[in-house]
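Dropping the structures in below, format is structure tokens.
Here come two complexes built around chain A, the first alongside chain B, the second alongside chain C.
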Partner chain A sequence: MNVLPWLIITPLFGAFSMPVISLLGGKFREYWAVIVSGLTLGIAAKVFYTVWKSNEILVYTLGDTNPIGNGVKFPIRIIWEVDLFGALLALTVTFVSFLAILYSLEYMKHDTGLDKYYTLTLVLELGMIGVVITGDIFNFYVFLEIMSIASYALVAFRNDTWEGIEAGVKYMFVGSLASSFILLGIALLYGQYGTLTMAYLAMKIAENPTLISKVALAFLIGGLLFKSGAVPVHMWLSDAHPAAPSSISAMLSGLVIKAGGVYAIARIIFGIFNPGLHGYLKTFGMPAFNLNTLGWIIIFFACLTLVIGNAMAVVQNDMKRLFAFSSVGQIGYILLGFGIGIVAYGDKIGEIALTGAVYHIVNHAVIKGLLFFIAGAVIHQVGTKNLNELSGLARRMPFTTISFIIGATAIIGLPPLNGFASKWLIYESSAMYNPILAVVAVIGTVFSLIAYTRVLFTFLGVESEKVKMVKEPGTAMIVPMLVLVIIILVMGIFSWQISDKIMLPTAKMLEQLNGEYIMALLKFIGGG
Partner chain B sequence: MSVLYTTVGLIAVYIYVSFVSLVWDGLDRKLVARMQRRVGPPLLQPFYDFLKLVGKESIIPRDSNKMFEASPILALAASITLLAYTPIGFGPILATKGDVLVFIYLLALIAFIRVIGAVSSGSPYAQIGAQREVIMLASREAPMMLGLFAILWRLAKLDVEKPFSLETLYQHNIWEIGTPLTIVGSLVLLIVFIFWLASEIEVGYFNIPEAETEVAEGPMAEYSGRDLALFKLSNSLKEYASASLVVAVFFPWGLSQYLGISGIEAMLVDLVFHTIKVFVILFVSMSLFRAITGRLRVTQAVNLFWSRILPASMIGAILLAIDILGVIG
Partner chain C sequence: MRAQNSDMGLIVKTMARATIPLIGIFGAYVIAHGHITPGGGFQGGATIAGAGVLFLVAFGLSEAKEKINKNFYSVLEGIGGLVFLAAGMLGLGVAFFYNILWHKGPVFNGEAGTLLSAGYLSMMNLAVGLKVYTGLVSALFAIALFRRWKK
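And then the complex of A and B:
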């Protein structure tokens, strides 16, 4: 039995049955949400293991065994195409979502309308899974919208606070604009080539690279940079993340900007506009795109993002805002890795950069999940997120402080923890490609070091009045944090093994030196 | 088996270095006392101090948190780890390519753990000391890193198997290249390193974070008993490791090859000879410096580092670079 469809069916069923289940009472809907997201995690782990073990791209057609229509020679049905990158992202998404739902059990206890909350959270998870497994570009748009709309609603979930509504409205306007860019790009591609299957589209574009497809690419990348929170279009992010409930911030920062942002950028560039394919065409003197320009554009925005994001984190007084800006900064590293992966395509350097970028996506999801959980614990227990009022938490909340120290050192990228390996790969590749980029990357890290050291000192300093009576949060909030801490430590110890065994094959499969993404579709059609 | 040997080696080095570095502290106090026409304490005074501190009660301030008690242990742990990456007459125990980064990182980490301990104590004196320590940390590491990387980069060009490892310092040294530019560059970098060493161990000009008379021992203000003893020990280890780096970079020659011995005896001879060189370097950079200079203000010290020592380090690095790129002659 193919498990792939269950990856969508489970959260979809969970979300749609939630209103019914919640008629049974409060406890049931919470257990239901935990069970559903736990099952989804199990399925994602199975899918990941299958893809990793066989090292082949999994293809699945909706509605039939073969995407080829009657009487036509090209795929007309929606296909899902899961390579290692997609499977890895699906695993990360389901893992952090599961922990976020577990965390919500206690964290969201005091809020009302929780059946809607759990429904939306499962829908958000569903949207992200859909984005990372789909092989059809319109299907991708639909899932992107599911994800985006769920996240607009979740950002504004606490609609009795002004900041929730303000951030939600801002996020919605900006996000809708970005989505319309993406839709426009897809429409242009469809008008030009008459197909929506990504792999088939890649072949058609290679046959006939036109100006229209270039314009479409610009629209797609522009819209997706919005969604990933790259500077200069990061302003929604720094409002949305602080305003959302912390369990949602963890998902927004750890997952949404990855799945709907950098993952999609990488997929569109390497899947549809494959630099390798076009380089191959060029050697035969055929018309082809030169994707180096695009690579440099991405590198430019990446450098801007990682310097400005991290620098803005230094001056924040609001803990969650600081983490949100730090997320912007870390997106810069991921984009830098992808950018170098494009300009140094087919090179050892490009491969290292892509490995680093993929690795950093996973690491950042885990670390930022932890940091937002910590921020949530602090807000939940103390009632403020202003760093100036939070001095001296360490005495009353030792576990939270230790977790914060681990999370902060991991995100700065200090050696015994997991952030080091991924950042190192990005530094190394940028230093080998162009030392100026490495200098920029190190400047970003210095800023992030300063930002987190400041938070650390507020945690450790002299106790303020506000924190005199606080205590640690309950088990349901401690356990997700503990799990993430353990994951960070274990990934830190085995960082190079993970890099070699998982991240490098992932990067290779994403890079598609032999057009694996297209070949998988052709093989699937031929075999079916 | 190699894991076992490494562990045994590390423990042996740790015991040796603890002993030697405390002996040096006693020697230093004696020497400085003689320079000021005092008799001074006996040579083994640091051992008595250490034992006395260990026996005393540790007082934990009411406003402190868990990190206050954890940081002495962490600092000592980081110092012991540092010893595994320190060149001590022969290559470091855990030498790999790129281990110089670990060395620098651990050295900074020890200072940072001190800062964390100080901040956690809840005492304003300690916090002021901690702020100064961070400022000094940020100022002094840049010139040292630049110089060290320049030298290791230069040595990596001479056919070494583990580039950017501190072990390469024993395969080739910077003087054997012998061109005038490298010699001048290395001399400039030697001066940079002497200043860096003085500020790393916080003596003379750079006794700023601890400044007894101003901020009452700074980061260590609230530490007492066993915790203070652990910090003193880890500081002595750090002192030895930092001086070892300077010795290994600039004066790596061993005695064993001249005496024609090999094997375990050679290692012992080199270790002892290395210790003597460390003592000489520390005499210049620590005892003399401590006896003849007073403390700077923190702004002056920062200024000194960014406007004098960093440019000097740049000049040294550029001279080495010019030499290898062959721009002149």
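And then the complex of A and C:
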């Protein structure tokens, strides 16, 4: 039996049954959340292994075995289309969510309303899984909204603090505006082409590329750049991530801006507005889009994001705010990779850039998850996240300090750790494509180095009064951190093997030089 | 200060007693006929939630506190979702959301246009109606209960 629907059913069942389970009281709801998210992780690993092994795009139709309607030649049902990129993202999402839920067992112990918290966390996970597996653009919007609304509620979860409410309101207002842009884009596409299936939409747009679809693309990319926290519209992120509970910050920073932001941008550009398809049309003198402009727009925002995000991280006094700005900076690298992947489409350089971007999504999810867990441990044990009040934590919290050093060196991109390989691929491709871009990328990294060195001094140095009595957090918070540290080290040791075995096929499948994403659907039309 | 929560007059209360059952029945009708007439789970559920709001407004918060149990509503909302999911999973042998009751099920596969047709749709409408009703009523009740205007 096909395992793909269980990826949605399991967290949905967990979230819907949470009010019933929490009637049992005590620890049941926590264990239930851990069991459900653990199961989801297992299913995602199975899906990823299946796709990776067969190296084929998995198409699953909801409602019947065939997406094509009776007697017609076009898809009428919702399809889920999972290529290696989607499967890799699903695996990352379920993995970090599982660790975040495990981490909240102890971290959220002092809060009230925890049945709602675990329901919302499972719903957030569900929304992100849905975004990465879907092949239907309206289904994509619905899952994007599920994800967004769950994250608005989770940012404002601690509603007795002013910053939680302020960040939640800001995030909700601007996020809803971005979502409505995306919906408007989808409505324009639907009005013009009369279909919502992404692969079929790609064919229709290639047949008849109109101005409307260009406008729709602008709306979609605008809304999604917003969701990914690119620079002119990153202000919600730097408020939302510090104000959320740390387990949620880890999910927001590691996953939400990837699944709902850069993943969706890449999927819409490479899936629906495929540069290869339009380049092919152009060689025959047919009307087609020139997606290089779009690539340069994305590169422009990427460079802005890189420099401003990392530079803003340098001047922060709040540990979580610093990490949040650093997330903005890292999104810049991912966008730079995708941007070069578009302008150098079909080239070796474009492939390297895409590999780097995909790789960096995974690496950054793991590293930033660890860093926010560390920030949570510091807040939980010391009670402050102000860098000026913290100093000399190393003696009292040695494990946390070592994890921080590993996480910080990994995110800057020092060689033995996993951040090196992905950043190297992005530097290499940008240097090969245009040296100025490489210079900008290096400037971003210099700022990031300065920012993290500042945080390092709060862990080392003389013990301040505040930290005299603190000790390490308990097992439930240590274990997720330890797992992430081990993952970072292992991925660092085998970084080039991972790049060749997983990330390069993923980038190739995303790039779809032969239009595999469309062919996976056309297979059904040919058979029917 | 008893009056602060139930400040509606006798006429409003009497009218509410008369109309709440009517609104409830109409909402139930909209839900039950979701697959053959306009409307469905959301519309019917929101209509019944309107009856809940009328109850809350006409009889006041103290009366509502006795009648509305937070856990009960929360569990009902969860059950609504679970029934929807279960209906979607009935045909999982073929595909998720495959309407197996319509194609070869023992019930709900009558002639199209009758009440007992359309397979799992009526089950889903009931589930969505239940979820919308309990969700809206508990959300509005929670907002009505929410502390005071000032400290």
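Throughout what follows, the second predicted complex is superposed on the first by the 523 of 528 C-alpha atoms of A that agree within 3 Å, B and C clash if a C-alpha of one lies under 4 Å from a C-alpha of the other, contacts with A are read in each partner's own complex, and residues count from 1 in each chain.
Keep this in mind: a residue touches a chain if its C-beta (ideal position, glycine included) is under 8 Å from a C-beta of that chain, and two chains touch if they have at least 3 such contacts.
The structure displayed is predicted, hence computed values, not measured ones.
Applying the touch criterion given at the start, work out whether A:Gly194 contacts chain B, chain C, both or neither, answering first, second, both or neither.
neither
In the overlaid three-chain picture, which partner chain does A:Pro232 touch, first (chain B) or second (chain C), both, or neither?
Neither partner.
Applying the touch criterion given at the start, work out whether A:Glu463 contacts chain B, chain C, both or neither, answering first, second, both or neither.
Only chain B is touched by A:Glu463; chain C is not.
More chain A residues touched by chain B or by chain C?
So, of the two partners, C touches more residues of chain A.
I'd like to know which partner A:Phe16 touches here: chain B for first, chain C for second, both or neither.
second
Which partner chains sit in contact with A:Pro5 here, chain B, chain C, both or neither? Use first/second/both/neither.
After superposing on A, A:Pro5 lies in contact with chain C but is clear of chain B.
Do chain B and chain C land on any of the same chain A residues, and which?
On chain A, the chain B and chain C contacts do not overlap at all.
Residue numbers of chain B touching chain A in their complex, please.
Residue list for chain B touching chain A: 63-67, 102, 105, 116, 119-120, 122, 124, 127, 134.
Under the stated contact criterion, what part of chain C meets chain A in this complex?
These residues of chain C touch chain A: 71, 74-75, 77-79, 81-82, 85, 89, 92-99.
In their complex, what parts of chain A are in touch with chain C?
So the residues of chain A touching chain C come out as 1, 5, 8-9, 12-13, 15-20, 23, 60-65, 115.
Please name which positions on chain A make contact with chain B in the complex.
392, 394-395, 398, 401-402, 414-415, 453, 456-457, 460-463
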